[in-house]
């Protein structure tokens, strides 16, 4: 069933300001988008550069005064889905080069600090079963609580406070997976049933394909510890090491959010 | 004049342990290496993957017991050098896509937190002059003090304590440059005159080529606020967002450093 | 000239909640208060305990639903004022026992981290001249910016971001004074000319009385790096190691602020 | 059975340095000390001030060059011991004024951050049963691991890393108790069976005496989540909000530890 996205944002910039916009669904094999790219109000210029791992575009804009962006597409998802808990991890030396960066610490996911915890809490699991255990632990121990975190909240903060929003749940899953030597990245996305309706964020982990731990092939798999989004219905916008890489707006100057309205529906 | 590198490290692993080694000079146009790659003691396997930005190799190894790595090369540097303070910055929308990640916050360089400081302290500078001012400020206000920082020290910690080693000086320069909307990355390297002799680390910033702010071309330039290394004599090992990406050893299990001996000389 | 205080606050508690109120001027020799104590709406009970250093009262209350507190007094200040920059510090072993706690690190003032900075930045000063230099440095380098900090912001955060409100300015002065081995405490207070009108906070340092470095006598002196309050017009509410000790409301459960109106005037 | 303490420390100060020593058993009703006070090598001066809550002495000294302190006593403990899990908490408004500070956040125990965790993890407990549950949770989930923490490690760090030494175990217990609105302080002490032999640290919580929740009387009770020390055999040195208040040596200048030898035995 297609996923229909209708997104509208409005910002005000008091000064001429450069900013980066990442709110379009990514043009990648696993999802086909019907509709136009984002339609922006007048801007001094507009330049597209590829996002991390060549997934999605980042759009540079420059504007003073009011700025609006509208995005309307219908997406058809054709993503390979798997029972994560049955998959193995690739052994580190089998990991493709481009996944190695996703083992490292990042701004909001200081994974090294969680090694003693994952070793103790998830001692008897590995690979996909470890990821499933991490998912279940976060889902079972964290409270989804809008307003309790902000743009500076790290996975350590969330781990201590055991609450947050989708961004925070994803950061904790990413950090715990990396602490388990499993590459993990952060995915900004659209999905139906997100309450309240908004941009969404989930984790993505790299695991061996069935039989892949022999020949070193693997794939990325989506993990949403908030339980709100079904991997079969997620429209990816961008990926990155953590939220720092995929903000829908990164501004080099003061930006005032005037409006944000996201509707994602099926059918 | 060639730069001669003689590096020897020894580790002990009590358990069979996967680890990543990054200690070879990178094979890139700006430096030519004469000699063999790193020679390691027996390992269960060895796999090379490219480093960040395809600069240098990361080597996966797996070993139990004692491990040694020896690296001996002579490097000829042919790097374009410039008077940084005379260069302009590219405007953000002109930045090549692969440099954009280097504007974002990373584990040890939470650049967003330094925006008010750079705006106040370096108000009347921009581009290369801003980078020069950052260099001079760090060089003038920080003390090189081995033993005062460790692998968890961030640019914020160093900024507050105004001291550290090469890693910390580089983190602060990187963070302040990014806070100025100038892409900045972290470079692990070899260089003569580093006291005490050891691996070295410097910052690298992306600035417009002369006239490049018209046609959008730019280049990376090395910046060493410790003052110990001359860009004309630096042998790059690897680049990354910060030290998390370019450790000479990243181990997935306990590793005990037994020996590290680095000699870098001219001639 | 008397200082007239008119304070009104209203909170809502969804559950029966214990909370601590600290909003009355302290009854201490240096300030005489004309008027009643705080008048609260119905509470399950009310118990007074002395504040830190026996200065001011903390009032325990317990309430569900809406709660209001009104406080109206006229204060006459008779405080000994001094030119801080002319005073010496007491040598540590001369410090009265009750001031020693104010040398130690606290939640928001991790003074130990600032020792390298104070030694470098204020190298040629000591005692009151050091305090004056700290005051001038903060006043000259920090921006008073409501909305840029919150209840979790530490002196380290403020030092890095060089901005904040009265609470943050006071935390930085306290931390830098303690890093200089000068006892420093945090004072919540009322003062005219605070913009916008609100509770205020300043630092207080312990210095030798003139000639006191011979006989070991000293006194506390108010320091306001925001420049908004004159020590001759400050009405102290409470003192403590930092803001954690002197919040006007500390709640053991969710509290919703409905209203806060503070008017402080002369005459 | 008496507890025999034999402590010897040696430091070197390159410059004339003021420092504070806290290594004597406290002279308080619950423990009687037979023997002399600490015997120090020559010092420019020596001044005693009372410790926090008037428990134990802090000794100011000033010295250049080598400094030694020797302390030898036999202690007889006569402490009221209770089954903590059977005690109630006092309701906040019943708490004696001098215990209220021990509800607040401190440098190493930012208790406010743990409120969501304690409410979730220990939901069905209160008072002494809550303290017992906290003790059991820390004892069951943390690893005693010398060398994994240092003087800057906070309860948040330890909570994330689930390991540390006595100092860290005590900080976590203190933070979780305060987050439960139970006053908690940090106690430096001597105790037999501490492995390796060293100064020790435990938590202390304030709970209602049996029947005390009617008349508002309560007492402090020792809690050692490391399991190494028996409250009946602990010789208290000092109490405070956390380790910042009770270091055995707080130095205003560089101090080099040359030797520390602690022997605590029964009989």
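By written order: A, B, C and D. Residues from 1 in each chain.
Assume contacts are C-beta pairs under 8 Å (C-beta built on N, C-alpha and C of every residue); 3 or more make two chains touch, one makes a residue touch a chain.
Predicted model, so just to flag it, every value in this text is computed and none were measured.
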Query - Between chain B and chain D, the fewest steps along chains that touch one another - result: 2
Query - Equivalent interface positions on chain A and chain B, same or different at half - result: same
Query raised in the report: Counting a repeat as over half of the contact pairs in common, which of A-B, A-D or B-C repeats C-D?
Result: A-B
Report summary line: Between the Cα centroids of chain A and chain B the separation in whole angstrom comes to 28
Query raised in the report: Cα centroid separation between chain B and chain C, in whole Å?
Result: 44
Report summary line: Among chain A residues, those touching two or more other chains are none
Report task. Could you run through all the chain pairs that touch each other? Result -> A-B, A-D, B-C, C-D
Query raised in the report: Any idea which chain A residues touch chain D in the complex?
Result: 113-114, 116-117, 120, 141, 143, 156-157, 159-163
Query raised in the report: Inside the complex, what are the residues of chain D that reach chain C?
Result: 18, 20, 45-47, 49-50, 52, 58, 60-62, 91-97, 100-101, 103-107, 110, 112, 152, 181, 240-241, 244-245, 250, 252
